[in-house]
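In this document, chain identifiers A, B, C and D correspond to the written order of the chains, with residue numbering beginning at 1 in each.
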Amino acid sequence: MAFEVNDGEHMLRVEASRLEVRPHDELFEVVIDGEKKIVSISRISPAHLSILLEGKSYNVEVERFGKKYQVTTRGEVYEFSVTDEREVVTTEKPQAGGRLVVTAPMPGLVVEIMCSDGKQVEAGQGVLVLEAMKMQNEIVAPVSGIITEIPVESGASVNLGDSLFVIES
Amino acid sequence: MNRISKILIANRGEIAVRIARACHETAITSVAVFSEADRSAKHVRYADEAYEIGPAPSVESYLVIDRIIETAVRSGCQAIHPGYGFLAENPALPAACAAEGLIFIGPDADSMALLGNKTEARKVMEKAGIPIIPGAMEPLKSEAEALVAAAEAGYPVLLKAAAGGGGKGVRVVHSEDELPSAFIRAGAEALSAFGNPDVFLEKYLIEPRHVEIQILADNYGNVIHLNERECSVQRRYQKLIEESPCCMLDEAMRERMGKAAITAVKASGYTNAGTVEFLVDSSGDFFFLEVNTRLQVEHPVTEMITGIDLVKEQIKIASGEKLGMGQEDISINGAAIECRISAEDPETFLPSVGYITELVEPAGPGVRVESGISADYDIPVYYDPLLAKVITWGKDRQEAIARMLRALDEYKIKGVKTTIPFHRRVLIDKGFSEGNYDTGIVTRIEHHRTNDFLEISAIAATIVAMNDENVDFVSDVKQDDRWKLSGRNYGGIRS
Amino acid sequence: MNRISKILIANRGEIAVRIARACHETAITSVAVFSEADRSAKHVRYADEAYEIGPAPSVESYLVIDRIIETAVRSGCQAIHPGYGFLAENPALPAACAAEGLIFIGPDADSMALLGNKTEARKVMEKAGIPIIPGAMEPLKSEAEALVAAAEAGYPVLLKAAAGGGGKGVRVVHSEDELPSAFIRAGAEALSAFGNPDVFLEKYLIEPRHVEIQILADNYGNVIHLNERECSVQRRYQKLIEESPCCMLDEAMRERMGKAAITAVKASGYTNAGTVEFLVDSSGDFFFLEVNTRLQVEHPVTEMITGIDLVKEQIKIASGEKLGMGQEDISINGAAIECRISAEDPETFLPSVGYITELVEPAGPGVRVESGISADYDIPVYYDPLLAKVITWGKDRQEAIARMLRALDEYKIKGVKTTIPFHRRVLIDKGFSEGNYDTGIVTRIEHHRTNDFLEISAIAATIVAMNDENVDFVSDVKQDDRWKLSGRNYGGIRS
Amino acid sequence: MAFEVNDGEHMLRVEASRLEVRPHDELFEVVIDGEKKIVSISRISPAHLSILLEGKSYNVEVERFGKKYQVTTRGEVYEFSVTDEREVVTTEKPQAGGRLVVTAPMPGLVVEIMCSDGKQVEAGQGVLVLEAMKMQNEIVAPVSGIITEIPVESGASVNLGDSLFVIES
């Protein structure tokens, strides 16, 4: 079974099948971009794999943030999407019309709303202020347009990804 | 001499643990205070006693002076250590301590108030003959006043909280039209962080080096300095990496800056541990920036090169002991460097709150970790994103940097994003490793990602993704041989 | 000069990690070897490369010279570091290295063989004018010969592996009837630990102090000593706690012993890092005990007080560099102490093997941890029970001890029993804290358990027991509100 | 519900009932030897409880070894048996006759058997040698008597608690 692994710049085709379960590791046959490799994997903790490949020893940390896998090894950080190649790839549709939903980039407290519904704003203009971990962060309009919705109010707590405002351009 | 045998630590996180450790080593009983959000935090567990002082928001708990004083009195403490941040630079705390007969481990209220007011401090230093940065000598009363002062000093200018420190409430303003919004933001941040919205303005020096001098002053007029710290790796006026000694200082300049720091301390009647901050421009001239009237986040680098435990010295001074050493006893042994590990995205620096699923701290020769977190800990959204600090020591700067790179590679904090990858990028930067850098370094650092580990990382991601989705690896593997998703089964890959 | 860029580490556990750390800091590629039992061990994960070399028993893996040499050659290493234990004192390894053109990071085979043979070493030292302990000058060929030698030296006597070190294969014999059984056991242990059953005998000094001198010797005749280590806290001739400096040594005696150590090294043509061990009797006379021809378990205490990284120095010497310092560059900065943390019952010292369910290592000022374990690690039964070492530094001995007590309180290794409670008892012992102790200290230490924490401990045990047995705490609590036995539910007590 | 907690020297009667479940801890009412206390407990990890009692903060590590609970706090180690007081306490019968089963005090490898079936041994005399973690440990006869059974052989691996030999006195 093959997967497409994409870090935004590179697309790799990875096929893995397990050869053997041993007391301290599992052996896999991995075909990556057509090349066959034997890989020993020992899972040290949920996020931490010890991998031996051609004698090299890698501590690889794999974490899932949303739908992406963030992989850290030897100080480098990669972010991958991993897709089953048999799945029909659903192309993400471009944003319908000029309506853009701006979401919270972090959990926090809305400490100030600087605009009101229906107001015209320029790209880069501050719309509201989100405070998290003692830092005030101005959330700006990403494009010029009209603010059509602000579903939050001053004093509200928001989570990562919650809608903050809608802008139509 | 007032023997101190029990101390209330009016703080949380790594610094509260740091202070409790000093207490543990000197047979002093430590008392922690905590908000409702912090019941299971490390500092609560570390202290000998712990008392809840209010709801999660710090204005209702860690910033409530009355409740802290009351807790100290009721639990039989003789002294309060404020750490840094929160109430550490609020003169109302030492004043309240004095009123209740408690010892405040820090300066008295008057010298703290004097130096805490950045505009007053500038006046005192100017009078004492210490060079200051051009700018307003009074806090700004209005946007209009700010516009006038900025025009006088000439853009770019810096807006700074008059009451604070540590980079909070600081904004750089490049032109007149940026000023109004920045003035409002800086004031709001200043109010939120220090309970005082006053902001002042000074000329913005372009890419200076930030060099500070650690001092110790007892109650009998004895003042010594413990050499410098170089803190030029900053972002948004927040220090990120600090080191000692500073590469650009020779013995003569070290002595000149040390003397200026001692003069500054004496001129303000300051006692206990403190830091005199300077900006050094490219020609090697230095200007007084401010005095931090408390223990600094970066105090460990000084401890590593001098062998002196600054928290213990603070307690001794507060209890009325004379300094046990003179300037001639202070030397520099090797080199030390500190990286601040924050729960922030290493690219955007946005806060990354969440649950710490896994924690492995670095160890081995020359590595010191000061941490306020533990595994299975939910980082509260209410407080500063600083999770921990790594400090490394080496016989020279090169060894200290090599050890830091090793330590960062060993450090695993999973569940949230941290600034560890950022630090790694700075440390391998040519300018940094050659010691040739200033406060502009962070904006200049480029990260050329190597693709050497792309394949191995893609393989790891694939295998974890297959596991997550319960994909059969081979069709002839029996159901119960599949990857186990939990438990500590020794056969098979554990997760 | 042979630049070393890739090293095979012929060891496991904390010392293999220690060496890999030194490689990491000096841009040397580290190659681990591992037995089938050690695939997920820390040293395998820490190194840049790792190769399996055989089944779990060390005679089939870590002790197989051919396989180690072959792995070094195939993976392109220029050098092999043996660590301590396993092959570290087997002259066949440096000999095999020389035959294959590999650098052995340690002495050459001849001087190792000379000093490794304890009876030969005694002869060389006697000739060089260094005082030795009375006893047999040859290995014992039979029980009968042992009886004769013991009668000559006078009971009590000590039986010791001629080939080894580190307390393995050592037996004290108080009378004639104990000798036959002890002779067999010592020989068997010597064979098992070092592959050589030879045992010799010497007069047993009653409760001496064990003081050793760390030396560094390059290939050009330059030899320096790095001061002493006091290692008198021993049980079964296994060191448990080591410190530097030694309380009983004044500058004059330190110089005398240092010179004797340098003489011993020169007399035997020894190079690289090594340790000359002495016993010091109550009158202050010292006697040559043996030379450990390798890095010692306790090398970190010397690193802490001198600032010198001994592993890096070993590599430099092995690559043909001259010593970069002279005797005048070596000084003592503060005091350091080390506790060995073993998987043993702290009362009976029986091995405690098992699965490490939880691991929290101490940190903060002056604390260094060298560890070969991690959480979720199954300790193999095949190897030495040493799991980790804690080293603390203080500006003086008192501070180092206070920090060690703090560090031990912070250290949590759950799932197996460890020697941590034992170390705590030693450190609070009056004799130890006053520095007035000898090798008899362990048998004299008494533990008067306080009942101050009996109630809180009983409460904790009750609540965990109720949880284990799924007891309802109150009848009106709904089923799904009960204590969760797994998962990370944030509400409720997590387990 | 009450328990009897015994460390060999002291017997404490402990009764615990939960008052409240809060986000970061649980409050218990504990009656210990007749005295009522309110206790806050936060379980940091399986083996680690943070307990607040009358302002004092305790990190208490509780581990189960066999039927005993080993509790470590502030450097002191206690070993408790915890018994439901309603349970009928089954008195352990004294060893029948003079038959004693000697079990392995640790996992290890039997490297030598020094006696054979039917041999008379003195108390303290070595019967076999068990090697674990590179140390050879002579397992001696705890009493004088006759060795009637040795269910292990040289070279065998044994686990903690496995029978090593039987002695009849």
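Quick note on the criterion: a residue touches a chain if its C-beta (ideal position, glycine included) is under 8 Å from a C-beta of that chain, and two chains touch if they have at least 3 such contacts.
Values in this document were obtained by computation on a predicted structure and should not be read as measured data.
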Where chain A and chain C overlap in contact partners, by chain label: B
Chain pair with the higher count of C-beta pairs in contact (B-D, A-B): A-B
Centroid distance [mean C-alpha coordinates] between chain B and chain A, Å: 29
Distance from chain D to chain B - Cα centre to Cα centre, in angstrom: 47
Centre-to-centre distance between chain C and chain B (centres being mean Cα positions), rounded to whole Å: 38
Residues within chain B bordering two or more other chains: 374, 376, 405, 409, 490, 494
Chain D residues counted as touching two or more neighbouring chains: 22-23, 25, 42, 44-45, 56
In the complex, chain B residues that touch chain A: 168, 181, 185, 188-189, 192-193, 343, 346, 348, 350-353, 357-358, 381-385, 405, 408-409, 412, 414-415, 417, 421, 424, 449-466, 468-469, 471-474, 477, 481, 490-495
List of chain A residues in touch with chain C within their complex: 22-25, 40, 42, 44-45, 50, 52, 55-57, 59
Partner chain A, residues of chain C touching it in the complex: 32, 36-40, 44-51, 75, 374-376
Residues of chain D that touch chain C when the two form their complex: 1, 3, 5, 7, 10, 12, 14, 16-18, 21-23, 25-26, 28, 30, 32, 37, 39, 41-49, 51, 53, 56, 58, 60-65, 69, 71-78, 80, 82, 84, 105-109, 111-112, 126, 129, 131-138
Touch list for chain B against partner chain C, complex: 17-18, 21-22, 24-26, 300, 303, 307-309, 333-334, 355, 360-361, 363-371, 374, 376, 378, 395, 399, 402-403, 405-406, 409, 486, 488, 490, 494
